[in-house]
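Order of writing sets the labels: A, B, C and D. Residues in every chain begin at 1.
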Amino acid sequence: MRTTRYYAKTKRGQEPETVDVSPLGGQRYAVTYLGAKHELESLVLPHGAVSLIIDGESYAVEFEEVGDEVRVLVKGQVTKVDVADERKMRMRAAGGSFTVEGKQTIAAPMPGKVVKVFVKVGDTVTEGQGIVVVEAMKMENELKSPKAGKVVEVAAVEGTAVENGAKLVVVE
Amino acid sequence: MAPRFKRVLVANRGEIAIRVMRTCRELGLSTVAVYSEADRSALHVRQADQAYCVGPPPSRESYLSQDAILDAAKKAKADAIHPGYGFLSENASFVRACDAAGIAFIGPPASAMDAMGEKTRARAHMVKANVPVVPGATEPFKTLEEARAFAEKVGFPVMLKAAGGGGGKGMRRIEKMADFESGWRAAKSEAMSSFGNDAVYLEKYLDQPHHVEIQVFADGQGNCIHLNERECSAQRRHQKVIEETPSPILNPTLRAQMGDVAVRAAKSVGYIGAGTVEFLVDSTRSFYFLEMNTRLQVEHPVTEWVTGLDLVRWQLDVAQGARLPFLEPLHPRGHSIEARVYAEDPGQNFMPSPGRIDYLRIPGGPYVRDDSGVYAGYEVPRFYDPMISKLSVWAPTRPEAIARLDRALSEYVVKGITTNLRYLRRILQHPDFVKGDYDTGFLPRAHDQLLGGDDAKLTEVAVLAAAVYAQQRAEKAATKISAATATGTQGSMWRHGRQR
Amino acid sequence: MAPRFKRVLVANRGEIAIRVMRTCRELGLSTVAVYSEADRSALHVRQADQAYCVGPPPSRESYLSQDAILDAAKKAKADAIHPGYGFLSENASFVRACDAAGIAFIGPPASAMDAMGEKTRARAHMVKANVPVVPGATEPFKTLEEARAFAEKVGFPVMLKAAGGGGGKGMRRIEKMADFESGWRAAKSEAMSSFGNDAVYLEKYLDQPHHVEIQVFADGQGNCIHLNERECSAQRRHQKVIEETPSPILNPTLRAQMGDVAVRAAKSVGYIGAGTVEFLVDSTRSFYFLEMNTRLQVEHPVTEWVTGLDLVRWQLDVAQGARLPFLEPLHPRGHSIEARVYAEDPGQNFMPSPGRIDYLRIPGGPYVRDDSGVYAGYEVPRFYDPMISKLSVWAPTRPEAIARLDRALSEYVVKGITTNLRYLRRILQHPDFVKGDYDTGFLPRAHDQLLGGDDAKLTEVAVLAAAVYAQQRAEKAATKISAATATGTQGSMWRHGRQR
Amino acid sequence: MRTTRYYAKTKRGQEPETVDVSPLGGQRYAVTYLGAKHELESLVLPHGAVSLIIDGESYAVEFEEVGDEVRVLVKGQVTKVDVADERKMRMRAAGGSFTVEGKQTIAAPMPGKVVKVFVKVGDTVTEGQGIVVVEAMKMENELKSPKAGKVVEVAAVEGTAVENGAKLVVVE
């Protein structure tokens, strides 16, 4: 039974913890995590659902992918988990991704309409300062700066529609 | 009175359109849906017997377009129009247009709507009818300066409100003069896009009042009764999230008093049909008229649960000339609570999250009612209200109803979009809610508690689940690759697309 | 009495396992599921807090395996076992095994089950307690010859019945001696596979009786009440399809008489917990004891609808020593009807249709209750009962309840397997059902009417839809092919696999 | 606007009727069937669902495929429709399929267990005579001969499990 090592973290910036997974045949696995060993039975169902039995305890788990992370829904709680295997960890180390300080992009969190842009290129902003207002579903939503810094790019134009994830403003 | 409607057009969308059509179908009435171009795939279009497109996605050009809707009604040969809530439901000019076209509008007469529709005019009427009102302006402001001056006089905090609206849209609480201009701008803009009318007035902001409303019903023969109250103090961004009946803060005396005042308010404007008189109740249990919603309320299911009535059926009956079937006060039976399921992210200031619902599992079992307007595979459009469902329960007592709703919410699965499901459960589990002691300040006050604190055990389960899921996908990919090319590798598991 | 259960094992599957777990969750009790190898993906496994495999797919080796289930209960540290209906729910030896293991069995004591469990013994008891019984044998037959002789004496038609069973399994109506042997064989074989007991007896077949049953409830302090009746005459292949309460054929006098007899029957065997006394009512409105089901009934939701009770909660309370909360007769409020949704083809003699549910949309709205045990993506296994869901409604009157259930059924979508949904609607629309005048012969008699007669307009719509669907797939295929190879052709549209 | 001709039938043995479909742009089509012309708007949704609006009337349609046929669910009624285009009609004419008299196969209508086989090769059977009993979901289901004839093959074995569609007995 070959053991595969995974690296998992549930918070940005956190050091990943190791998760060792050994197949026990069928859909059963021995998993060592945070110093404890568990026996898991994981049945993959349609639509990204998994029925998990951990040492006799039953969990209805739902998975959704968001970029590199997976969002895991268990008993109402959504946990974002970033899982990588050894190869992926090496690639990350080489590529130097996940060093995201510096430039911060404020992106549209949903499709909507830009109703107000409060800043222009060159403005100095404080953390939490209102930058853009996007209207969707009859509600106006103010997007705030994630950091103190300077506005280096303004892509948002008042009155225009934007797609989910569209770049609005970049703060450095 | 003989029923005379054969075909009813429902000038609305989403769950309320479906709610109305359900009763129509049970009564053997044929139904007509209208839809905007963004709603071609909506459930209400599929459930209706006929369906007509009334314009492009923005409501102003479709669901608020009186001409387009009346055209559809004529094409479909509808006898009557049910407006649902929102959109044209409180628009007196639309009522007059229906009257002129010879199509029954299922709601109060235009005159009653005139009297109650503009918030400021309603306040003036109520003062005349000896109904207590919240201190504030009696008419909309013409200019920002005028509004500022009034706010200064009344004293902060104040509440800016759309004169032509309701349902929490176009409302802004303003703490201090420095915030006045941006709040003014936002309220006017929301008022315009929600109600087609940007008139705004202001009221003194009462300190953490309860929001309690009375359901009233009047027929065309001068009879009017009330059907008890609903407690609606659990609000976020001035929108109701959880409603219940009976209110945990009312006793029989106060209920009777508020019911009498509500009936008096309705009678004073010659009301006919279903209406709701909203009150603010302060810490001394004094109550003030807030506004009258001259249509069916979102939260009407809780009243149905404790009375056994079908309020939409009553609306249809009264619109066809029927008398109210009884005039005595109706004692509520047991307790009912409703939770509104929104496509929104409570952790991001309730940011709406439109998008495609990949999977949907709706709760069931004893005394659980689902009113949803969506289906698995449906793309929730970004143009309209983010409420996707109302889940309500009944139980003999309030603690049992809370436990039941919490249980039902635990079964609810919506994938593809973010919802407030967990937030709703956290509210039900919060000590202040459990005690029944919560006012309109409750949700903002408890916001961090309602969001925070992941359970460490569940986080651990999530990691274990994710690691094994990655392993299973790697095994599956390896099998596929080795079967195809006899060389197996594995990399990022999450990028292979979903396993179906 | 203080609640003492902390953890309840549900020794069942499907909707009833979920039904029981729902109440447990509302009471804060932890739940334990058991499952066969065929049920690893079943919903009840996912909804429980713990889950244990109890054996291979055939029920005899899993859900009927007393040792495996008790082992699971011990591993899980369960205080109590709820048996649901079917499987071990009426097995006195299992009750004794639970008693010996110190685990509470949620149901009557073994002695009461002994008295009622064997149909023939029950009949003998009832005769002693002065309860009228259907003419027939008082004990199972040892040989085919003995059975033949008895049938000859009683006169055809006769009904062969499993002594150890219920729920319509192991029953065969025999018209004439020539059919006796094959019916005998089938009844014994079904009895064995359903109840692990092939004892068979026979009764005179009453001419088109009504099947009316009384819900009883007894506590451990000698109190026993009845909770009114359920009309269950709509049966196919001796299995109930639609149930309702109140029965359209009972008046208050008959209801009180039957209630009294049912309570007497339960008391005569020292009954405790929820039970159902089934009667046949003939055309003169004489009634005869048929059998007592010593467990929760499939159709208990209709009783819950008109009483506001949670019968599973009562079961749990009584099992923990509680007294019944009231002893006066409870007047039913309004009307309730339940329809059983089966994975079966009514057009093929109700042939079961196991398989994967590709898509599922469950009805909602006012006064509609869904109790289902399946989900979209679930593979209905071939080993167990084909019932996938119970849909029940409440309304103030019977005609309104019929209209509501018909409306709700019209919203139900199950794809991938054949169901009886349309058949159910046809029953509700049948004049005999609408009149409330139907006996156990109704469904077989009306079979052709309930199946036949496609609506020409809908057939035309189907053709138009199919032709345009073919066209749209051809267009899509052509676009894909021309994009890839710049040569477009089109052929059989239905073989390209589904368009998603 | 090119018109495509389809051939549709809803009953076995029936002569197919022509259905002429002309695209009107988007998801709209003009369709001529049984001498009447209709305007249809057909929106294909996920999971084989279609929202159809025919001259203003709305129909929620669900499709399922069963071999060459499609089962169409409209307002509770399931209609089996066999639709072919010209090319498919020519292939059918050439291949001579759908001439199914003669040998008749009795196949398992669902997965289950064969509990009884009443015939052996060479037996003469009448139409409607019980041939095999298959148990599934706790119910025994007797399969009957679709015609009078002679048993030419018995594939079913008592006590064995069979899959959906498995050949059990052939009658000629």
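In the analysis below, contacts are C-beta pairs under 8 Å (C-beta built on N, C-alpha and C of every residue); 3 or more make two chains touch, one makes a residue touch a chain.
Keep in mind that this is a model prediction, so the values were computed, not measured.
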Chains contacting each of chain B and chain C, listed by label: A, D
Pair of chains joined by more contacts [C-beta pairs], A-B or A-C: A-B
Between chain C and chain A, distance of the C-alpha-averaged centres to the nearest whole Å: 46
Interchain centroid distance [CA atoms averaged], chain C/chain D, Å: 31
Chain centre separation (chain A, chain D; CA means) in Å: 48
Two or more partner chains touched - positions in chain D: 46-47, 49
In chain B, residues with contacts to at least two other chains: 47, 359, 376, 410
Chain A-facing residues of chain C, complex: 33, 40-41, 45-52, 75-76, 376-377
Residue ranges of chain C touching chain D (in the complex, touch as defined): 169, 186, 189-190, 193-194, 237, 343, 345, 348-355, 358-359, 382-386, 409-410, 413, 415-416, 421-422, 425, 454-455, 458-472, 474-475, 489-495, 498-500
Residues of chain D defined as touching chain C within the complex: 4, 6, 8, 10, 17, 19, 21, 23, 27, 29, 31, 33-34, 38, 40, 42, 44, 46-50, 52, 54, 59, 61-65, 68-70, 72-79, 81, 83-85, 87-88, 91, 109-112, 115, 135-141, 164
Residue ranges of chain B in contact with chain C within the complex: 18-19, 22-23, 25-28, 47, 301, 304, 308, 310, 333-334, 359, 361-362, 364-372, 375-376, 394, 396, 400, 403-404, 406-407, 410-411
Interfacial residue positions of chain D with respect to chain B in the complex: 43, 45-47, 49, 51, 53, 56-58, 60
